[in-house]
Amino acid sequence: MTETVLSVRDLRVAFETRRGTLTAIDGVSLEIGRGEILGVVGESGAGKSVTGSAVIGLIDPPGRIAGGEIRLGSERIDDLPPEKMRRIRGRRIGMIFQDPLTSLDPLYRVGEQIVETIRTHTDLSAKTARARAIDLLTEVGIPAPERRIDGYPHEFSGGMRQRVVIALALAAEPELIIADEPTTALDVSVQAQVITLLKRLCREHGTAVMLVTHDMGVIAEAADRVAVMYSGRIAEIGPVAEVVRAPRHPYARGLMGAIPTLSDTAERLTQIPGSMPRLTAIPPGCAFHPRCPNVFGRCRVERPEPILVGGTRVACHLYDARGEAA
Amino acid sequence: MSARMDDAAEAPDAPRATPSRLARFLGSDLWLNFRRSKLAIGAFAVTLLMFGLAFAAPWISPQNPYDPAQLELLNSNLPPLWNPDGQSPFLLGTDDQGRDVLSAVLYGLRLSLIVGMLGVVVSGFLGIGLGLVAGYFGGALDTVIMRVADVQLTFPAILIALVVDGVAKASFGSALDTNATILLIVVSIGLSFWVQYARTVRSSVMVERSKDYVQAARLIGLSSPVIMVRHVLPNVTGPVFVIATINLALAIITEATLSFLGTGLPETMPSLGTLIRTGNRFLFSGEWWVVAFPGIALAGLVLAINLLGDWLRDALNPKLQ
Amino acid sequence: MRAARTSAAPAGAYVEVEDLRRVFDVSKPWLNRLIEREPRQSLKAVDGVGFAIPRGETFALVGESGSGKSTVARMVVGLLPPSAGEVRISGVSMTDPRQEAARRRLRARIQMIFQDPYASMNPRWRVGSIIAEPIRAFNLIQGEGAIRARVGELLRLVGLHPDDARKYPHEFSGGQRQRIAIARALASQAEFLVGDEPTSALDVSVQAQILNLMRDLQDRFGLTYLFISHNLAVVRHMATRIGVMYLGRLVEVGPKAGIFASPRHPYTRMLLDAVPDLAHIGRARTPVSGEIPNPIDPPPGCTFNPRCPHANDRCRSEVPALLDGVACHAVEEGRLPS
C-alpha cells in the first residue's frame, strides 16, 4: 500500500443532549493512501457525514470528538486548537460538499474565490494566483476559462458549479479531499462527468479522497476501497470489487442485494427487515443483530471487532474462527 | 405476506400508545424552557394575578365604583390608608366623587382586559382570515389585500383607531350607549392591528400550500375552503400565539390611550385609561393617588404581557435553540 | 403532424394520454416587463407527450431534471390542467367540462404517491384520520366503527400495525410514511396509482421494501401504475413499459426488455451508459459532454442535438416525430449504429 495520507483509529464522536450522551460514531478505524479513493457508504443515520466532518474538524458543539485519533500524514490533527485546524483545512485538506449553490459565495466572482483560497494558503502573487486559477478551471473542464473566471456562481449550471467547487478544493494542492455527497444533487449524465473528473484529478495529483455517499453505484464506479457503515460503526471495509461482488458482513450482503441494478434479473429485491436503530436505542453487542439473518448467541452480547478476511476487514462474529462461529 | 414483517419489527423502544397531549407538553422543550426562565415565570405569574384580580373584581372590591348610590361625597379626596388622613376601608384613597380608588382600579383592570382581549380576537379573526385567503389564492386577491395592508401600516395604529372611533361617534353620537361604545372601541382596535396577523399567516400559508399534503387533499376533490380550514389553518397558527400575546399588550395600551384622549370609554364606566385621565386633573393639586395606582396597574400589566410575549417568541424560534 | 401510432397498447387502454402539452408563463410581473421592456417568456414543460397504459401494468416515465415527467404526472392525475391534449382514464376525459360528473365518480380510483414523505401528510393530523380522509370524502363506508376497522385493515396491508392509527406522522420513519401514503391511496379503492419518485427520498434498504410492497399490492389487486423516476435501475425493477423523456418530449417508448437490451435513441443510450451501477466497478469511460439546456430557451429542432454525436443539419432544424417508439432522425434514416 502506498504512503498513508489519512489514518483514523478508533474514532468516537459524541453529542451531549439533555437526554444524555448520544454516540454518533463509535470506534471507527480507516486509512487512505496517496491517490486512493475511499468510499464511505451508509444509509441515513449511519454516521458517514459525521466521520467526514470529524476529520475536517467541523464537529460543532454539542458534538465533540470523544476518543480515538486522526492523523494526517504523521501528524495528529484531532486535538489541534481551532486556529491551527483552520490552516490545515483548505491547505492540506480540501472539501467538496453536496450543494454547489451554497458552497460558493454568490456575491463573489468565481475567480476571486479561487484566488482567495490560493493566496491564503500559498505565497503566490495575485497575478500568478490568477493564472493558476485559470489552469485549475481548464483542468476541471470549464470551457473558455479566461472568460468564465470572472463569472458569478449563478451564471454557471449545476454541473459546472460543482466543477468549480472541485477546482476550489484542489486550489491549494491538498493531500486529502473530503467529498460529502458530491454528485447527489446532480443529474445522472452530469454525475458521470463529475465522477470521471474526480477520479482523473486524484490520480494525477496524487490526492487521497474520502468519498462519503449513500449511492453505492457511485462508489462502485469511483472508489478503490469502500467502508460500509452501520449505526456509527464500520461493518466492512475493503477493496470495492470484493465488498460489492462478495460482501461478507450480513448487512453489506443485504445492502448489495437491496440495490436494483441494470443487469440483475431477480424478481424481488432483497429486503432487510426493520430499520437502522436510533442513536438512543443502539442494541447491545452487534448493532445489526436484531435484523441479522445469521444471528446467534454471541452477537447479542459481544460487540464484534474487525477481523481480516481476505483483503477485507469485517466486524462480524461469523468470521471469528476462535469463538463459536456459525 | 412478507411485507408485513418489516418496519413493524422496528425500534422496540417505540411505545405502542401515543402519549397524551399533556404528557407530550410536559416533556416538550417549551415547558423546559419556561421552567428555566425566571423572567417568564415571573411575567406569567403577574399576568395570571392581574387576570385573577380582574375576574374577581365584583367580589373582592370594597365597593362598586359605578353605582352612584354607593358613593358619598363626604368620602371624597381621601388619601391612601397609610397616610395619616386616610380612612378605612379606602385602602388606596378616593377620588373627587368619593369613589374608592382600589375598586376603581380593579374594575378598570377588568374592563381594560376585556376590551383588550376582544380587540385581539377581532384583529386575529380578521387578520388570519385575510391572510389565509391571500396566501392560498394568490393572484389579484393577494395583491389587493397586501396593498391595503401596506397602506394601513403607514399609519400608526392609534391614529387609525382614533379615526374609526371619531367617525363613528360623529355619525351616531348620542345614540351610542355604553355597550355600543365598548363594541366600537373593540372594532377600532381590531381594525388597526389585523395586518401583522395577515402577513405572518399569509407567508406560512404560501409555504404550506406548496406541500404535497395539500395536493393530496385536492386530489380527493376537497373544495378550497375546506382545505384551507381543515388542512392549512392548523399548520399556520403557531406564530399567531406570539403575535396575539404582544398584541394584547398593544390593544390594552391603545384602549387606554383612546380613553385618555377622551374618545374611549366614558367616565361612568372607567377603564384604567379613563382613570388616569380623570386623575391627571388632580395631579398638581397634590392628590397623586388617583392617577398613580391606575398607572402602576396599567404599566405592570402591559409589561408582564410584553415580557411573556417576548419569551414566547424566543422560545418558539427554532433558530435560537 | 400526427405521429404514427407508437408500439403502444391498443386503443381503449385504461389510461390514454394524447398529445399532452403544458406551457408555463415565466414572464416577470407586468410592471417589470413594462419598465425593462422584456418580452413574455414561456416555458414549454411538456411538448406533445402521448402514451397508453393497459390495466394492471406499470408504465414508467424516466428523465432527468427539466424533462417534464413530474408535470405529466400531475396532468394525468388532474392536479394541473393541460395547455393542450387529452387524458382519458377508463374512457373518461380528465379535461372535458361536459364529463365533470363522470370525473367526480372516477376521482376515487385515481391516487398519487408523492416523493417527499415528510411533506405529503398533514403533520397535525393523526395517521388514522389521514388514511380515513378519502373514505370520508367519497362516502365509501358509513359509521365510525366500520371506518376504523377499514383503516386498521389498510395499515396491516402495508405492513404496519392498526394501533399506529393513533400516532402522528412525525413518529414514523420515511419508509413507514410512504407505507402510510400507500395505505391512504388504497383507502379510496384506487385502481390507478401515480408514483412521483416515491422512493427517491428513501434509503436503499427501505426503498427495496417499498418497491416490493408496491409490486405485491399490484399483483394482489391488479393495480395500474404510472411510475415517475430518474433512477433507471429502479424503473427496470418495476416497469412493464418505459418512456424516456428529454426536455418535455418523449424520445423513446417501448417494453422494458427492449429499452434496456437495445436502446435506440442516442439519449437513452447515453443515459443507460451514465448510470453509476454496481456492476460497473472501476469502469473507465468517456461520458457524453454537455448538460441539459435551459428549458426556457431550448435548442431548435431536436432538443438533444447539441449533445448528440450523430446530429446533422436536419436534427438542428426539424423536430423528430415519434415513429415506432423512437423520436430520432438518425434512427429513421438508418444512420445509427446498433
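Here the chain labels run A, B and C in written order, and each chain numbers its own residues starting at 1.
Simple rule for what comes next: a contact is a pair of C-beta atoms (placed from the backbone, for glycine too) under 8 Å apart; a residue touches a chain by one contact, two chains touch by 3 or more.
Molecules present, by chain and UniProt name: A = Oligopeptide transport ATP-binding protein OppD; C = Oligopeptide transport ATP-binding protein OppF.
Worth saying up front: this structure is predicted, and the values here are computed from it rather than measured.
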By raw count of C-beta pairs in contact, what's the busiest chain pair here?
A-C
Among all chains, whose Cα centre is located farthest from the one for chain C?
B
Separation of mean Cα positions, chain C and chain B [Å, integer]
50
Centroid from C-alpha atoms only, then distance chain A to chain B, rounded to Å. What do you get?
53
Where the centres are mean C-alpha positions, what is the separation of chain A from chain C, in Å?
32
Please output the residue numbers of chain C that touch at least 2 other chains, ranges allowed.
173, 175, 209, 212
So which bits of chain A are touching at least two other chains?
271, 275
For chain B, residues that touch 2 or more chains besides their own
2, 5-7, 10
Interface residues, chain C side, partner chain B - complex:
77-79, 104, 107-108, 110-112, 114-116, 119-124, 133-134, 137-138, 156, 158-161, 163, 166-168, 171, 173, 175-176, 179, 184, 188, 209, 212-213, 216
Going by the contact rule set out above, which residues of chain C touch chain A in the complex?
64-65, 173, 175, 203-209, 211-212, 215, 230-234, 236-237, 260, 270-289, 291-292
Would you mind writing out the residues of chain A in touch with chain C in their complex?
43-44, 157-160, 187-193, 195-196, 214-218, 220-222, 224, 240-241, 244-245, 254-263, 268-272, 275-276
Under the touch definition given earlier, write down the residues of chain B that touch chain C in their complex.
1-8, 10, 14, 16-18, 211-213, 215-222, 231, 234-235
